[in-house]
Amino acid sequence: MLRRRSLHPAWWALAAVPVAFLGLFFLWPLLTILGRGLIVDGHLDVAGAWEVLTEPRTGKVVATTIWLALLGTVGSLLLGVPAAYALFRVRWRGQKAVRALATVPFVLPTVVVAAAFSALLRPSGLLGHFSLDQSMAAVAAALVFYNVAVVLRVVGGTWAGLDPSTVAAARVLGASRWRAFREVTLPALMPAVASAAAIVFLFCATSFGVVLVLGGTRVSTVETEIYLQVNQFLDLRAAAVLSILQLLIVGLALWVADQARKRRERATSGKRLDGTRAARRKDVPVLAAILAALGLVLLPPLYALVERSLRTASGHGFDHYAALFQQPGRSVLPVPVWEAAVNSLETAALAAAVATILGVVVAHLVTHRTRRSALLDTLVMLPLGVSAVMVGLGMLLTLNQPIFGVTIGGSWWLVAAAQAVVALPLVVRSIVPTARAIDPHLRMAASSLGASPWRVWRTVDWPLLRGTTGLALGFAFAIALGEFGATSFLARPDRPTLPTAIYRLLGRPGLENIGMAFAASVLLAIMTASVMMASERMRTQVGADL
Amino acid sequence: MTKNGAGLEVAGLRVTYPGKPPVEAVAGVDLTVVPGQIVGLLGPSGCGKSTLLSAIVGVVEPDAGSVAWDGVDVTHTPIHQRGFGLVFQDGQLFPHRTVAGNVGFGLDMAGVARAERDERIAELLEVVGLAGYGGREITELSGGQRQRVAVARSLAPRPRLLLLDEPLSALDSELRGRLATDLGQILRRYSMTAVMVTHDPREAEMVCDRVVRMRDGVLL
Amino acid sequence: MRTVRTAAIAAITISTLALAACSSGDPDSESSDTPTTATASSSEPTAAAGGLGTEVTVVTHDSFAVPDDVLAAFEEDSGLKVTFVAPGDGGTLVNQLILTKDAPLGDVVFGVDNTFASRAIDEDVFADYASSAPAAAQAAQYAVPDSAALTAIDFSDVCLNVDNSWFEANDVAVPAALDDLLKPEYKGLLSVTNPATSSPGLAFLLATISAEGDGWQDYWTALNDNDLRVTSSWSDTYYTDFSAPNYGGDYPIVLSYASSPPYEAGEDGTTPTSALLDTCFRQVEYAGVLNGAKNPAAGQAVVDWMLSDDFQASIPENMYVYPVSTSVAIPASWEESAPLATTPWTLTPAEITANRDDWIQQWTDIVTP
């Protein structure tokens, strides 16, 4: 007998929405470009692909990619996990500002951050005598600078919600502080740590600008190699093979993390409560040490950034900031930088709204672990593991022609769609843990009281997800604000976003142009920090009525 | 064909959980509960009694067999249209709603008018011994009070059948005894038809009219 | 079943919303284009009578710039509404044109340079067009040999720039020619960019190949041994490495353009940097009508417009390169601080395309340890 429940028409009907979106703006472009590289005369070019795979250079870039990603991940965890404790578990005045500040690097344009890092690392720079210029260490340090924010977000939230009584129980049973941490706290944090590690690994493995600028000619990864093969040599076959390798690396990392998470999820699901505590006098040395380490990594590049934005021919001043509101020379930008900032805000708002709506739908669909939900989850995560160069090119190939008679190429919202594709996986990742932590009894109780599936979601899931969703919305907004890779392919020259404007400013000689580029980056940083702080506030307000 | 007053009729019910090998949690169960009767479903943990309850309420769809109420097959009716109430061991109260918000939930779903709703909430809170608790937050309640709210909530929309899954197991033994007595009285007051899953024979005796035992997926 | 229906309704509602957002967004974006668009659409359609149609899409790189009034005048005269798209730079732009040649990104392209021109011509990306604009005769001297596909619009020299104050302060003579850079006194002073990732980097590699001939690999080996610094992009070399007063880096000789020094002029008008005119490679930028263009006649009109005096005269101030036309005025300051190389190094586009990938590969083997 055919089992009726194996069809799940309702699930698929709802899943059709995110699948259609990703299909149009991601899968179709990606598969098109992969097909151009791998299909020769209607057949899969296996021999050609094998040739690329067995080239010594391929092995070398793969090894560099994995090694660099591991360095970046371990570094981000070593710094980020203690910092999550200091900024989320323990309460003290001013910590929200520090949290927002720590998120800023994540969305800064890579060209500018790399420039700030190189300025620090060059022989006459602040850190010049370490001779780290164009080294793996320099790239890894920049990756840590970027990704600490991810660890903070993912681990911090979980840590703040851990039941302090379990630690107390362990302590009563005679466990030392360290033992209690290792035996009780750490296992409870593991799913979050694994999640964070996977995302950071993935960002590191697909990082482009930082590797290109700070690695110079000495460090090449799969991502920079793809860029080279496409943009210089027009070798789509090599680019396609490398893209698939990159997907495999990223997929493997996600799978490992998922295994670690799955094993623990049961143990921690259930109650979410406020496990934070006010800082005490004896916490001061530990907090100070953690914050000092965090400051040591985050502050020098931010300092370099601000300093360069203020540097003028005659010393220091706010000239470059004033210039943001004037029309620069036509050769530099067609509009004043503030207009680019407005463009960015509009595009990012749309992108964040789309990503959040789709993210809530996807989170709802994957809350129950089934084979089909794992499939959807994987599809949503894919964009994180694919080179922006490939997706951007694929979009040029596919979305440029009329689709069902509708011309969408050149539309401003295409940029928002691309940004939403990039932000969606992170939105889903932020919401799913909370959705899974909702006791299924609540939904069953609501159903038995006469609530239809839609009303169950509306009256049970949504009120409990609202806070996290607000946070995810803020995160998506920040990501969309800073997105450059896909945007650079789609943004119209007369409608630059802030990151594309910064990139163009950096392409022109003259102190006023580079000064403006850095001032615009500081503006972007401030916008981002404000968005993050606002979404934090939203969470605490909602949290209060929980 | 409607058989008025036939109550709950479960026939040849089977539920298998996929896996290697698949686990047959309910292996062919026939059970009839006539209106107004409170049946205790007793058995060791893992015997399939909770799965049977889930299949009756509609959380789990059976692989074979049927569930009917008053002669109408409801095997494939969605939970929210069955009109069966449900009480769990714990973790079922909506944390974002007050006590009154919880008790009134089913009435909201049914679109009951405000005045009638408030009256019904007050009545039920009084019946379960929590008069005046309507404005409280769920977090302010003790374990026993929470279970009382859960019972009140499940009764509010006047379910045809109430299913209770170890409703008292999370409480300490003294409280359990008192609440068991109260629960029996409350159910009888409303002439509820009910099935209560428990592993405690004493508790079953205090609440139920009839006790059936279950082991390895079948009724003994 | 109820569940199914509810979910389906939810799905439909969401997709309808999405569609609504799309359809309302589209015309919006069209009308919010630029002020010039409004002028164009309200202009009299008389000019369109010439069979030019009403719309033309120009594919370009993001350094493209034209004054609003010059564009508006063209739109009014031609009756065309001009849309610009800029998906990439240099080699990226050419590769994108090749990949999309079955469904071109627009009607006409501006910004293909001589380092990549032949690759695109070989791939039949362009339709032949011979402009009859007055400046066409002057453009002809920069034309790609044996091809009528592209029309030269502007050119520039990629040259090494030096920080004069550093050489004065350290009492070292400013190097004159490429071979000087191998001398011990210039050890560790030079920063250039990677030809694989940067178009000035490629131009400089081509300059050395043009100058050194078959000995170019030995030249780069020696340059590398003289503590050459290589970065990935122009901004890293210029903004981070250049020791010029504005940037405070550690390298007094960097790769940039002949037109860069005026940007560094102080308040008193003196320029602290200058270009080494014997190290230059001449980059020519072309425009061409795309094969398969929806509106090829309009594409040709755009090429003619780019050769017009109005457009050519705007080039120096707007794109900081030289116009091909000799009949328009060049800013006076350029004569002094941004002179052109008298004998720049050159290679034919065909030579470049035949060898470019091999040269870059060999260069990488020499320079990357």
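We just call them A, B and C in the order they show up, numbering each chain from 1.
Convention: a residue touches a chain if its C-beta (ideal position, glycine included) is under 8 Å from a C-beta of that chain, and two chains touch if they have at least 3 such contacts.
On a predicted model such as this, the values are computed, not experimentally measured, just so you know.
Central chain assignment: A. Criterion: smallest distance from chain C-alpha mean to the mean of all protein C-alpha atoms.
Annotation: A-C is the more contact-rich of the chain pairs A-C and A-B, by number of C-beta pairs in contact. Averaging C-alpha coordinates per chain places the centre of chain B 74 Å away from that of chain C. Averaged C-alpha coordinates put the centre of chain A at 32 Å from the centre of chain C. If you average the CA atoms of chain A and of chain B, the two centres end up 45 Å from each other.
Multi-chain contact residues of chain B (touching two or more other chains): 78, 81. Multi-chain contact residues of chain C, defined as those touching 2 or more other chains: 2-3.
Multi-chain contact residues of chain A (touching two or more other chains): 452-453.
By the touch criterion stated above, chain B contacts chain A in their complex at residues 57-59, 61, 63-64, 76, 78-86, 88, 90-96, 105-106, 108-110, 150, 153-154, 156-157, 159, 163.
Interface of chain A with chain B (complex): residues 1, 3-5, 270, 439, 441-442, 444-453, 455-456, 459-460, 463-464, 545-546.
Across the interface of their complex, chain C is touched by residues 9-11, 13-14, 16-17, 20-21, 36, 111, 114-115, 118-119, 122-124, 212-213, 215-218, 227-228, 230-234, 236, 313, 329-332, 334, 350, 354, 357, 361, 392-393, 396-397, 400-401, 406, 408-413, 452-454, 488-490, 492-494, 500, 504, 506-511, 513-514 of chain A. Across the complex, chain C meets chain A through its residues 2-4, 6-8, 10-11, 14-15, 18, 21-22, 25-26, 29, 32-34, 57, 60, 62-67, 83-88, 91-92, 95-96, 98-100, 103, 105, 119, 194, 196-197, 230-236, 238-241, 245-250, 256-257, 260, 263-264, 266-267, 317-320, 357, 360, 364, 367-369.
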